[in-house]
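Both complexes shown next keep subunit A, but they swap its partner, so subunit B is in the first and subunit C is in the second.
Our next item is the complex of A and B:
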């Protein structure tokens, strides 16, 4: 039950994000203001999750594709460039990418989806390369020796063995994506960052608490659910 | 021909030859403009930069020449685009702006990546010389007015003082956050080294902070600090305030503790146990072993953690613009609020350059330390 602690934390944060919880905390901190209604918060959580997926899915596909490409013989020369690119993409924080992307894509979902794509690339690429490199060379040699073509060596031998490591990388990318999608609120996307930005603009600290707690709750919930799902799968295989 | 330089050159050529927006002429700084492709904006002048970008991808061209050519291509692209912008703006009212499109940015980044790839085998001094020469040429072109017609340059002229002040403020905030994080991470790394049982929980807490969304942590610190100041008013006299630099520095420092702590812990563990045992055997005390054996061996590893933390600090302090701390982030968020794309870029581009500069400086120090050790 590796997934239980994050799920419990998510539930606690969700209570804190609910209007009465946020109000209680704000009063304890010496502030009082009108909270964000729960149904609108739930709607924002849905668009938030959708935006995170819109950024992380292409990052996952691109990261896995690049990871496979740079571990083939023909693509080995691209390895340093791919590593440097992914590291640079991770070093620039999403908020700066959003600021650089708005002039190109305009306001809305796309600058944030693009920032999440860049941000999620490195965990997936690293995990894919690490997973494929962890395949013992004699197993690969055996697959080649029984006459499998390279595509089937990959799909039937290397990929199934690498998959648990790749899955770990995908989980990290998705959790990072859910946590960082909040910055989209600065570029015209409606996310759980929207109450935070509204609260900062109107000095309404209840909204700030709600948005922050709800974003963190969603991130921990994603972490917990994915850990449970992948944990069970690893158990099945064993 | 190697794959990576060829790919960079192809991206640059595609940006030049495909119908991507390269330059756009707009009636003022807020309205979107009419996009022109590189071929439409520059005409046959796209040929020289294409040639300059193709040569560095060839293996036969020596690295120094290749890097110089790629840098020259980037500069030429900017100068040519500046000239084309001045031509297009002639006869238009003074509020009209010539903005840069995604095609130009793509070609510029590809040219710089190409230069960086070909520079890799060169000595540090040669690389520094090439970069310095390129910067000098860029400044010379700028002061001769080559870019005056570009929207970004106009925006900078109007706000030069604010941008310079924001840049200094940004560096100050990032440095303060780095020092604060060091103050927390260094004793804990030492404690974890002495009592390994502590290392697990401390690492878990620092890693847990990383999951908290940046926007949320910066914003949450305002009510938390306000409550703290309410409870302990004496802190107010020390200059602490719930809005301004305090939440920005604290939130940034919270994210920096993990890379710093990791670098410090790995550095302390880097000394070969045999070297430590040998030092014991010749009668050195613990303090002397730490000073003369552990620290020199740990420094290159420390430096790597410091580099990651410094680059992150420069990026994360951006969010300080939201909590009243100022810095380049304030320009970014002002631009986002006004829908003024040039203002966003005026904040965001220096952040990226600053992060690259910090990375390069610490990296060169790292190699020097590794050689010394």
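Our next item is the complex of A and C:
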């Protein structure tokens, strides 16, 4: 039930983002701007989620793959290069990546998906390496000594033991990705960033609050769902 | 069963094994003993290719293992170690069943084998579904040995398997190992830094020092007069002759003279050291031996085999 607190938080934020919640807030602030309609907000949330997954999924696969590769005997030499690449990818603000990627990918979803991939890489790579390195050496040694081939040592012993740590990294990448996907609105992707941009252009604070609350709600919901799904899986295995 | 031919192993600049040759016959319990850094663990780890020799050959079941597939070779040889290394995310039964599963045994056969091994190691069948974290140190060691025996390998490698348990459990486990060896007649290679353990368990004792074998033979011989001084010193604990008497059966000193009336009697399995102890305790210089017509005299005890 680790997923419950983020899901509750997501529900509260969704209420704030919904037009009646936003209208209440607007009245309290003394503004009378028109809120964003609920059905369009829901549509944006869907494309937003799709875009976030399009960036986070490859980041997760690449991050885990790289993490496994640099902890193998043959890949150990690549570790510094992979660390440096992931750190650099994380250090460049996604908004800059989006801006720079527009000439290459054109307007639309792809510049943002690319930025999210880069942004999500480091947490997954770091967590994968940390998880695999946390496997006690004597357990790995025993697995080798009783005759597990290298692929089985990884799949049967190292990966299950590293998984909780890897999962934390995936969670961070997912939350970052969902939250950051809002910047896609700047490059023509219709996301929950769209009402924020509209609000900023038209000096309508209600739209800004709605977009921000909906984005945060989606991020927390994603975290909660991931925790629920993986929590149940771990329970099945035991 | 296992043969080392002129094996040299180097780790960087240090030479761990320097031209070692050794034969271990089928069914022997061969104890490798020596101070730390003597190369005993390295010698054992050559057998399943956890260590690769720089020169020389290692033969297992008559075959040069440099030409075998390492994981397959390892699955055919049991391995138990001091740190046990049970998989913490798998139950006791799953841990024990690891190698049989890799070998493609079906589930009922694995389950039957797990039950059999829990019995052999005198482990409660209820432990099968526990995770290793819930076991005591002694139980974990037994499960480790069960896992090593799971696929019924004819060779078993044991790297200080009783090093991490308390002295009482240690004594129990030693007795257990002797019993298992007697019941299964497996070829066992046991690494230990405990001379007493080597003498008590080994049918064949190998003493290593600085990467070389200094003595190699049956325990009573290796500690006897004429053996290597370092080996006698290491194994003898300052009293090599007494240690040797404890390794020889009292029947060695049996003569046809009937025991004098009222002579104290030794149990059937007694050693010469037991005979000497009984004589010292009762003041008699001749004692009876259960199940035997003759008797044991102090003069013969002191010159066994003479």
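One rule holds for everything that comes next: the second predicted complex is superposed on the first by the 229 of 238 C-alpha atoms of A that agree within 3 Å, B and C clash if a C-alpha of one lies under 4 Å from a C-alpha of the other, contacts with A are read in each partner's own complex, and residues count from 1 in each chain.
As a working rule, a residue touches a chain if its C-beta (ideal position, glycine included) is under 8 Å from a C-beta of that chain, and two chains touch if they have at least 3 such contacts.
Keep in mind that this is a model prediction, so the values were computed, not measured.
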| field | Fit or clash - subunit C, subunit B, common subunit A | value | fit
| In the superposed arrangement, which partner chain does A:52 touch: subunit B (first), subunit C (second), both, or neither? | neither
| said: Once chain A of both complexes is superposed, is A:147 in touch with subunit B (first), subunit C (second), both, or neither? | reply: second
| said: Applying the document's definition of touch, where does A:160 land relative to subunit B and subunit C: first, second, both, or neither? | reply: second
| task | Counting touched residues of subunit A, say whether subunit B or subunit C comes out ahead. | result | B
| Just subunit B (first), just subunit C (second), both, or neither: which does A:193 touch? | first
| query | What is the angle, as a multiple of 10 degrees, that the CA centres of subunit B and subunit C span when seen from the CA centre of subunit A? | reply | 100
| request: Report for A:138: first if it touches subunit B alone, second if subunit C alone, otherwise both or neither. | output: second
| Touching partner for A:180 - first (subunit B), second (subunit C), both, neither | first
| field | subunit C versus subunit B - closest C-alpha approach in the superposed model, Å | value | 21
| Set of subunit A residues, in rising order, touched by both subunit B and subunit C | none
| Which subunit B residues qualify as touching subunit A in the complex? | 2-4, 7-8, 32, 99, 101-102, 105, 117, 211-217, 219-220, 222-224, 226-227, 230, 311-312, 315-316, 318-319, 322-323, 329, 332-333, 335-336, 339, 341-342, 344-345, 347-349, 351-352, 355, 359
| note | So, in the complex, the side of subunit C touching subunit A is made of residues 48, 50, 71-79, 81, 83-89, 98-99, 102, 147-148
| subunit C-touching residues of subunit A, taken from the complex the two chains share | 136, 138-139, 141-149, 152, 156-157, 160-161, 237
| note | Seen from subunit A, its contact residues with subunit B in the complex are 26, 28-31, 75, 77-78, 80-81, 91-93, 95-96, 99-100, 102-104, 106-107, 175, 179-180, 182-183, 185-187, 193, 196-197, 199-200, 205, 208-209, 211-213, 215-216, 219-220, 223
